[in-house]
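Both of the next two complexes hold chain A, though its partner changes from chain B to chain C.
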Partner chain A sequence: MIDYRPELIQKLTHLWDAGREGLFKKSPGLFNSFREEAFSTFLSLGLPDKKNEAYKYTDLDKFFSYDYRGYYVPSTADYTQAERFKCEVEDLDVWNIVLMNGFYPHSDQGLMMLPGGFWAGSMTAAAKQFPGLIQRHYNKYVTNDKDGLVHLNTALASDGLFIYAPKGTTISKPLQIVNLVHSDRDIFVQDRNLIVVEEGADLTLLVCDHALSPQHFLTNTVTEVYVGQNARFNIIRVQNQHNDAGKITQTFIHQERDSYASSNNITLHGGLVRNATYHTLAGENAETHSYGLFLSDKSQHTANYVFVDHSAPHCNSTQLFKGVLDDDATGAFNGRILVRPLAQGTNAYQANNNILMTPEAKMSTKPQLEIFADDVKCSHGATVGQLDEEALFYLRSRGIDEREARLMMMFGFAHEVIQNIHIEALRERIDTLVMQRLRGELSRCASCAIKCN
Partner chain B sequence: MDNNQDKVLNEVTQGEYKYGFVTDIDTEKIPVGLNEEIVRLISAKKNEPEWLLEFRLKAFRHWQTMKMPSWANLKIPEIKYQDIIYYAAPKQRVAPESMDDVDPELKKTFEKLGIPLEEQKRLTGVAVDAVMDSVSVKTTFRETLAEEGIIFCSFSEAVREHPSLVQKYLASVVPYTDNFFAALNSAVFSDGSFCYIPKGVRCPMELSTYFRINAANTGQFERTLLIADEEAYVSYLEGCTAPQRDENQLHAAVVEIVAERGAEVKYSTVQNWYPGDREGRGGIYNFVTKRGICKGESSKISWTQVETGSAITWKYPSCILRGDNSVGEFYSVAVTNNHQQADTGTKMIHLGKNTRSTIVSKGISAGLSQNSYRGLVKVVKKADNARNFSQCDSLLLGDRCGAHTFPYIEVDNQSAVVEHEATTSRIGEDQIFYCNQRGISTEDAIGLIVNGYAREVINKLPMEFAVEATKLLQISLEGSVG
Partner chain C sequence: MNNSFLLQIKDLKATIDNKEILKGLNLEVKPGEIHAIMGPNGSGKSTLASVLTGREIAQVTHGSVSFDGKDLLSLSPEERAREGIFLSFQYPIEIPGVSMVNFMKTAVNEQRKHRGLDPLSASDFLKLMREKKELVEIDSALTNRSVNEGFSGGEKKKNEIFQMAMLEPRLSILDETDSGLDIDALRIVANGVNKIRKPDTSVIVITHYQRLLDYIVPDVVHVLYNGRIVRTAGKELALELEERGYDWIKREADNVEA
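On to the complex of A and B.
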């Protein structure tokens, strides 16, 4: 491929050259063994641009053009800050883990065992403690090898979160990961996470993304998830970063037979957010759900990319993505359902609804179906529009003022996604957050969205 | 029941192509290949004015800088553009003044295809422009139409007789720089139909062009230009067939439609080029650029297509809705069977205020075929109150074919309402069972269901075409396995 943006690539090459030595020294051999090749693949693929169908409506250039510093070795000060960070949600009882700039900051422990036999902690530590397990799963579920950013992550990621739910374990309460970025300089963070949910295990994850300082941040996250036979896995992501923070996540969920997975991306704030979720249904009778909601304003850009790959018969999948765009915000949705020839008996549904609040907002959506089997029921629907005037009139004729009526309708629109969160306390909390957001009370957020101190 | 269904499917989907015969007629051809000399030769053969030759040469030079696009969801074997004959014409001594001057072989060919060239024998009030290989053979009812001021003739005649009109509108909707095949067509187009409906005239009969490829190793590159002046109305039909051959032939046409204020154009296509045999040998590559512009206020362009032929179909009849309150419509049934591939759909570009568009696309795939819908709905910032509704359904008959949907929706205006929905499924066993228990055989039941499925589109066709389209559907698919 021709390199059309040499200066951006050059910057990234500088980051690589600068951090390389430290990176190789600190990381386990297994991770290092992928790095050189991944970086050269990245160079040959380049940064995804608008010619790439998956990025057709998302412009990454602006966020890649800042002078970022790499973050390969965490500082003690950051550790202390992370440890002081507390997140409290009323009635929400969770196990709490804080990641600082993509690092698991509890250097002394590295890995901790939670009641029920769960393991959670740093990838680096996990590579020492569970070498066989990591070898089996690391870099195995990345299904999109055409995306330069995945390779960039494989090359540069120094740490990340490792969660291991051994066979038959059930966690007593959800695990909350608070992803913080904090620095006094512009930094580019790469974290790489691996989640292994073995046969019959059950895990619910709540991931919150926050930026603590007003610098430019860019985070390039790759998460691999293995969901074993008959296992259950839920991930809920709440993103609340300021307008100078860019967040690119790619989550690869690999499912074995009879398994269940759900993913829910709630984006409240963020200069550039792109969430890509890949669901691979590799075993029969697996079920997967992908939800997303974004509320964007100013010049924010929010993109959701979903790819559901039906590779086995009798699997079910649903997708529901909604967006509300205010001011100059732009949004993109790109959903793909692929039903392979073997995957008979597939049910796959997809819906994408968007509301434009101002004449300047812009939404592009591209729902796709690729179907190679005949015994299937697949559908998709996409809409872009505004609030229904008739419904508005109905509310107003009952004495509700216009502003309140609009809020009610938008809230109802958003709630359809939120209602799929099955942890009650969290669902209520997110409802409140969304209401605040819609009222404009939740402005640029330097602290945690979930009532953090 | 499954076995029975299989048998029925085999019998019916493997029905022979009816129009695969070759007419034995002297054909004038030019040497194989493509270069500037060939472009000049084509132009010279047609005694074209200087400006048209210039246009061709510009297009050709531009084409040389382009590469064949590869984004479509199609597997296209390499096309050797230098092995194609770019001009072939049935030999005629003189231009036919009356029906008696037309070569009897030619007349027979069109009779066999069911196209009435002789006006007195007409069954329906349809004026036909018959195009064989590269040139127009005969246009019927010219005089009747001329009384109303309507110009309906071959493209070459239009260049000779109405050069100002042609010069004004040629490439105004599809410029030669538009895409690879439009550039190729602009360089080498040989003939086609030209139609102009003057202000306030409602065309009294259906106009029709019938395209026939006959000569071997040739490509067909025709160009249709359709202009509806203010408050005019026309319904236009297009049909096509080709002989059965083992090699692939290229058909790269351009259709341009201009609708001025208050005009309405209805363009219907029943595309039945030779689709290739059961093993996927031969067949036509149908790479066509069709686009209409609703230039004036309250104008309307409606595309209806029934696509059953061609080895590979790659086309997107589109509407540019520039005038305020203009309307664009697209109704399509695309059927693929055996090794056929289709990547077809539409583009609706909303530029004016209060513009509306409707897209209804029904894909049916059987055998080993791949059928894709690809469409774009774009609402620009100034297009207040734009409205679009799209519905794309796919029906799968058999477990080795594919159905794909790639809709693109780009909305840059708050007041726009854009809706898209798509479904993919097969004929349910319960539906067949329901029919069976009411005494309807499996074969009839499938015919019934497929016809019902495509009805919404077929209903939009003019009556003469609707009958043909229904028959075509039956030939291609009736009795397919659910």
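On to the complex of A and C.
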């Protein structure tokens, strides 16, 4: 395919040319071994455009058109900034890790071992300490060969987060990853993360995305997750960036038999946000849940793409995605369920509900079901509408004023996604953030020491 | 003299979708009185409830409604509620994701604010909930759920009465609260209403059937037909209607009109 946007490709080629030498010097051989081929694959695929079914309603051009500087090596100042950052969630005890512009600060210190036998830290360091493990898992679960952005990440990413939960380990408290972007110039960040949850292990991850300076940012994140036999993995993302920040995440969750995984993407702010979550049910009796909620206004665009691949028998999957769109905001949901011929006894469920607050807001939603087995229970439903006027009257008839009644209903709508977060303190915290967001009070998280906008 | 009425409706005309439903209705309710409004289907009973609570679907074209001396029609639905008007809905609405606790707490505190009182503390509020739940015999678990979500028909009606108990209105309008209830649920709902009542609070019971009026005994019974009150009498009128139906009243009213 020849890309019709040669200037954008040219800009990215410049970034590649300029950063290449440094990248190869700094990175482990294993990561470097994929780079050349990945970049030429990217060139042949191009940037995803509207001809690509998965990007049909999402326009990436604007965020790719800024003059980004590649970000390949962090500076010492960035580390200071990262250390200053504290995000305290009341009553929520977490292990805290801060990533700055996609780098694990002090990557020379490499990895830390957390109580319970967990490892967390820099991908670069992990490649040295666990070469065999990395070789077994790196670039193995990226199931979407047709997405140029995945290949671009494989070519350009120089660090990211590595988490390793060895066989049978249970982390005593959730791991919180704070992803910061901060720069005095417009930058393009690419982080590549690998999470390995081995047989019988149990890991819960909270990922918070923030932007600390008003520059243009574009982040292209790829995360691969291996969930071993009978293991459990939960990931909760809270995205709170500004309108000049673009965030594209692609998360590939590969599940073995009897495993459980859940993903919950809460998008509070961001100029362009696209979260793609791929769930591959590779072993029988696995269970997976994909949740998402976004609240958008002004000219923000938020897209969720989900692909649940039922490759084995007797697996269960659910998808629940909701959006509240105000002003001129636009959004897209694309939920694909593939039930392969082998996957008998599949249960797959999908729902997408959206509320448009203005006549200008626009939401596109598209279920995509491909079923090749006979013994399958599958359902899907999508709605785009306004708040229920009858319910609004009911609340007002009890003395609640109209504005408050609308807020309560929007909050109730949103809470149906949030209630799937099983850690109570975190659920309450996210409820509070969402309420603040709905009231228009949320420019930053309340307890954050850094006053970003 | 007007001040002795809690509610005074004068020559009220109202339309729904440009069709005139109420055609000059007059009604006066004093503090402490129970009025029953009966009548055949389509006579305008629910439209009257809509007009009194400020539902936009009903357009008032003529007449006036005063509540405790205030012009009711100029108030928003929430202001009317804070002034003390309560409607027990014929079809209570399910609101997923909005918890009963949060809903009632907001409603009670809005009303307190209106009366110049401080909001209730969390513990005082929960204590109030417990008391009122016992009073109206509503299952404790129901108030831990979302508003009416997945409630049975009977549970929804009990939940209306529970809300009434929480808000302590001066005028309660029960819009076919008895419909779809079995005899046990009917008794619980009616007992709830009686326990909540104070000497100066008033009730308008809108119903098709005499049954509910065995428990909530009216001072006055009105028959609403074709948008007007065509007959007003004591509680014995309800018994007569139960026995004879509405046809004789319809005939009388149609003759007067002709």
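The rule is short, and it goes like this: the second predicted complex is superposed on the first by the 440 of 453 C-alpha atoms of A that agree within 3 Å, B and C clash if a C-alpha of one lies under 4 Å from a C-alpha of the other, contacts with A are read in each partner's own complex, and residues count from 1 in each chain.
The criterion applied here is as follows: contacts are C-beta pairs under 8 Å (C-beta built on N, C-alpha and C of every residue); 3 or more make two chains touch, one makes a residue touch a chain.
Predicted model, so just to flag it, every value in this text is computed and none were measured.
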Just from the overlay, do chain B and chain C fit on chain A, or is there a clash?
fit
In the overlay, answer first, second, both or neither for which of chain B and chain C A:Leu387 touches.
neither
Which partner, once the models are overlaid, touches more of chain A's residues, chain C or chain B?
B
Where does A:Gly399 make contact in the superposed view: on chain B (first), on chain C (second), on both, or on neither?
second
Which partner does A:Leu8 reach: the first (chain B), the second (chain C), both, or neither?
neither
How many degrees apart are chain B and chain C as seen from chain A, counting from C-alpha centres and rounding to the nearest 10?
70
Does chain B (first) or chain C (second) touch A:Ala414, or do both, or does neither?
second
A:Met435 in the overlay: touching chain B, chain C, both, or neither? Say first, second, both or neither.
neither
Look at A:Met112 in the shared chain and tell me whether it touches chain B only, chain C only, both, or neither; answer first, second, both or neither.
neither
Minimum C-alpha distance between chain B and chain C after superposition, to be given in whole Å.
15
Seen from chain A, its contact residues with chain B in the complex are 57, 341, 344, 354, 356-359, 361-386
What residues of chain A sit close enough to touch chain C in their complex?
388, 390-391, 393-402, 404-405, 408-409, 411-416
Considering only the defined contacts, which chain B positions touch chain A in the complex?
381, 394, 396-426
So in the complex, the part of chain C that touches chain A is made up of which residues?
53-56, 76-78, 80-82, 86-87, 89, 92-99, 102-103, 106-107, 110-111, 114, 146-147, 163, 167
